[in-house]
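The following pair of complexes shares a single chain, subunit A, combined with subunit B in the former and subunit C in the latter.
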Partner chain A sequence: MTQSATLRDFICAEFAPDLKPGELPADLDLIDSGIIDSLGVLKLVAFLEGRFDIAIAPEELDADLYRTIDSIEALIAGKRIGSAA
Partner chain B sequence: MAAIASAAHRDAAFETEPDLAAELTDGLDRWADAFNRGWAEDDWSGRFGEERWRALCAAGLTGLVSGTAFGGLGLSAHQTARILERLGTICHDGGLGFTLASHLCSTCIPIERFGSSPLKARYLHGLATGTIVGAHAITEPDSGSDAFAMRTRMLRDGDDYVVSGEKCFVSNAPIAGLFVIYARSDPDKGALGGFSALAVERDTPGLSVGRSVRKMGLRTAPTADLHLDDVRVPAANLIGREGQGYSILDYVMKWEVLSVFAVQLGEMRRRLTTAIAYARERQQFGVAIGSFQAVSHRIADMHIRIESAANWLARVAAAVAGGGGASLETAAAKLFISEANVATALDAIRIHGGAGYMSETGIEAGLRDAVGGLIYSGTSDIQRNRIAAMLGL
Partner chain C sequence: MSTANALTIAEPLCRASGLVPPTSRTSVHCRGRSIAYDSLAGEAARYRDLVNACAPDGAAVAICAEKTAATVAAIAGILMSDRPYAPLDPAHPTARLENLLDALRPGALICDEAGLRRLGGAARRARLAIIAIGGAGPGYSLAALKSARFRTPRPLAAILHTSGSTGTPKQVLISAEAIRVFAEWVTSEFALGPEDCVLSHAPFAFDLSFLDLFASLHSGASIALADAGAAANGARLIALLEEAGVTFWHSAPSALGLVAAAAGDRVFEAVRCVLFAGEPIADDLLQRLFAIFPNARLVNIYGCTETNDTFFFDVPRTDPPVPLPLGRPIDGVDFAILGEDRMPVPEGASGELAVHCPTMMERYGDERQTRKAIRSIGGRRYYLTGDRVRRDAAGLLHFLGRADSVVKLNGFRLDMAEIERVLHAHDGVREVAVFVTEDDGAKTLCASVSAPTEQLTGIDLRRHAMRVLPAHAIPRRFTFSAAPLPKNTNGKICRKTLARARLQA
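Our next item is the complex of A and B:
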């Protein structure tokens, strides 16, 4: 499964059981739309750390980083580049 | 500060060098008398022991987490936890340990991690040396567990923020020189992005500190409410960015669990040692009470709780050090250790019988102090909610 599919599966299963993973627009604002709330961000962070083997710093508990599928993927990608360097 | 500082500054590989660890923690034992002098009378009258606080400052404990550039020791999460645990073991004044832990996590931690350079320069030295006592204000009369329902607001006006609202149950408020106030900075946003943290000096016009409130336990750790009436605070006193209050508080809460409950872990260890000694020495029916399984099993349970608590605390320390989210670990550690502390304190009273119930022996204070741990830093119910949520419920 691709990273994007894994992420979509998790978000739908945890926060939006009525949505199908493939139908979740990559630019949908997950926070303003109410799909992910403040506790949801903590759950998402725990999932990202466990699943993608990354560490998310306290400063990165920032709503903007988790707003869309695109922004979350960018966060993961940035961490992976950082750890490969 | 010299007592423990010399070892800390040589510390790079503290975690793997047990000798240095021992030097740091053992250095504290010399201060035991100074930390304990007069505490029982003060616990009874609800007085903050200023002279005991000064001893903590002199031992360097107020500077554990602040950077060396500001007169602190700049210790890691593991090191800090280990030293605070030792403090709990030697210091009978539970309120003093609580005051110190509140001081460290309320102000030193957020300013050290998120503060601007000028903010650090302005406050960290005073906080590290303990000449400024720190406190933080989150809870309000209508928002406790639901912390981000807080109504205290901060509005930008030129180079200042103007803050208004009510805060309650603020630990250290009667003695604090600096408060970190959490307030709503954007009424259109929720917990994420709508709140900020501001460093507010005690003598800022419009800020008033209520009378010291009486409590069940932790009586030497003074508590009061705050009233903020159009308090004008320089925008430069913003900690981190505007809207970063949620992430700052999340980080602070991890440190709060680590530091407050490291002290409690030490207190539990002391309680166990005392209970074992008493169970060996106290004779009834012609034998030591420790030979009764009812007593020895209670001691076995105390031991298991303490070692489990130590494991949970180590997981929080590792998470804080590694920079990870660790929301589940923190909630589980807080829940487990606070409940273990109450259970252990009650067991200690049972083992000591009537003597345990009498204040003179100093054993009952442990239970009164422990109960607060079920409530502050998020109640046990809230921790269970959080753990369940992290498990997908």
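Our next item is the complex of A and C:
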């Protein structure tokens, strides 16, 4: 499963079980649309750390970084480049 | 036992049956036939005599029959015999009806063929006198019990059953005096009179039928009976409305929804009062009603089985408030708004509505239930409605939801009724119910939505709700269907059924 599909599956299963992972627009604002709230951001961060083996610093617990699937993927990609260097 | 109160209710019938010259004016219109007051009174007197012959003094008489003029006559006859009537809806499951009959221990059972199919077996096992309606049954039996089983301290007129959120129905014992006061209020507030024809939409087992039956009989208005088939069919309701010349509509909002959907361009100019009760009315439906009933006074009525109607609000045709307030108390109604400590809340704060009124029930059949529901404040009996309300600066009461519609989820207090109101305001939503499912201790906030088009998605509704509600109040799971949401027999959306279906899915 691709990283994007894994992420979508998690978001739908955890926060919005009535939505189909494939139908979730990559640029949908997950926070403005009520899918993820502040508690949800913490759950999402825990999932990202465990599933993608990345570390998220306390200052990165800013909800704005997790607004869309695109922005979450960008965050993961940034982490991976950072750890490879 | 005093007979004065019971006679007051049946007085128009008594008058028509001989004390005053008989009248040939229509009393009941049903299935395309009209029955005049004098023949209704004659029929009622026949049932009175049968009941007197079969049932012990003061014993309740159960009646399980479809909505026909004969059933109206039988109810009037029971009242003329100075006994309370206990209506049982033949549309309900046999097992439920048998349980109700068993708990009632009535002095006799009046039933038609539909009622006999449901309760004939149980009645024979209990050696209960059966009085047949319409002559199609086995005839009446005088052989059964003669011993008094059921004595009441005050003249009772009716025993209704509430569905109850616990699932166990409660017997609600209502005095003749309570019904008389109510019938008088309706007659004077709405100037109900012999020229009027009142639509009876609710089943006789439902408290809404008190207005249809007793205010009509009290004022000399005629009654147009919508039987179970017509009650659920917009086209048939419209046919009845036109055929019987209905001037006074009274029902739950859902029935008006059926009429609005089937009316097309038609308007009903003869209707001068439209009363709706039982649940909040949708704003778009209200707008339709203004168009369909151009000459009608539209009134939002609030009440419950235990108190009958207690608040009402005349809906202005221009800029009606959304949602509609419950309005002002009816004459004689006193109320208190209680906080979680069961003490009156400060002015303007929300709390549970407690009502003291002359139309209140005597008690429940079960004394323990009565003690839980009735609270004495300053020496007066107040019924705890279980509804959360707020009183505004103008003195109008606003409904906020059931006291038990507030849940705690993840540490947040959520009002499911408020979430429903917000979701319902979306154009694509026809009906919505918000509820909490609990699976292995994990609570999930769910919304079931009935939407006429398939385009509406969970994303649309979440975004819509987020404009007004905090994120923690957004349901986690939305379910959509084109079909209407499941209703109980009173026409209210059944959240328990939805929650069960959700867990089994």
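Simple rule for what comes next: the second predicted complex is superposed on the first by the 85 of 85 C-alpha atoms of A that agree within 3 Å, B and C clash if a C-alpha of one lies under 4 Å from a C-alpha of the other, contacts with A are read in each partner's own complex, and residues count from 1 in each chain.
Methods note: contacts are C-beta pairs under 8 Å (C-beta built on N, C-alpha and C of every residue); 3 or more make two chains touch, one makes a residue touch a chain.
Remember, it's a predicted structure, so these values are computed and weren't measured experimentally.
**Q** Once both complexes are superposed via subunit A, do subunit B and subunit C end up clashing or fitting?
**A** Result for subunit B and subunit C: fit.
**Q** Between the C-alpha centres of subunit B and subunit C, what angle is subtended at subunit A's, in steps of 10°?
**A** That angle rounds to 90 degrees.
**Q** Who does A:42 touch here: subunit B (first), subunit C (second), both, or neither?
**A** First partner only, subunit B.
**Q** May I ask you to decide whether A:73 touches subunit B, subunit C, both, or neither, giving the answer as first, second, both or neither?
**A** Neither: A:73 stays clear of subunit B and subunit C.
**Q** So, does A:16 touch the first partner subunit B, the second partner subunit C, both, or neither?
**A** Second partner only, subunit C.
**Q** Once chain A of both complexes is superposed, is A:31 in touch with subunit B (first), subunit C (second), both, or neither?
**A** Once the two structures are laid over each other on A, A:31 reaches both partners.
**Q** Classify the contacts of A:58 with the two partner chains as first (subunit B alone), second (subunit C alone), both, or neither.
**A** Once the two structures are laid over each other on A, A:58 reaches subunit B alone.
**Q** Superposed on chain A, how close does subunit B come to subunit C by Cα atoms? Whole Å, please.
**A** It comes out at 5 Å between the closest C-alpha atoms.
**Q** Where on subunit A do the contacts from subunit B and from subunit C line up?
**A** Shared contact residues on subunit A (touching subunit B in one complex, subunit C in the other): 31, 37-39.
**Q** Which stretch or stretches of subunit A touch subunit B in the complex?
**A** Residues 14, 31, 37-39, 41-43, 45-46, 49, 55-64.
**Q** Once bound in the complex, which stretches of subunit C touch subunit A?
**A** 410, 457-459, 462-463, 465-466, 469-472, 474, 476-480
**Q** For subunit A, which residues are in contact with subunit C within the complex?
**A** Spelled out, the residues of subunit A in touch with subunit C are 15-19, 23-24, 28, 31-40.
**Q** Which residues of subunit B touch subunit A in their complex?
**A** 113-114, 148, 190-193, 240, 243-244, 246-248, 250-251, 322-328, 386, 389-390, 392
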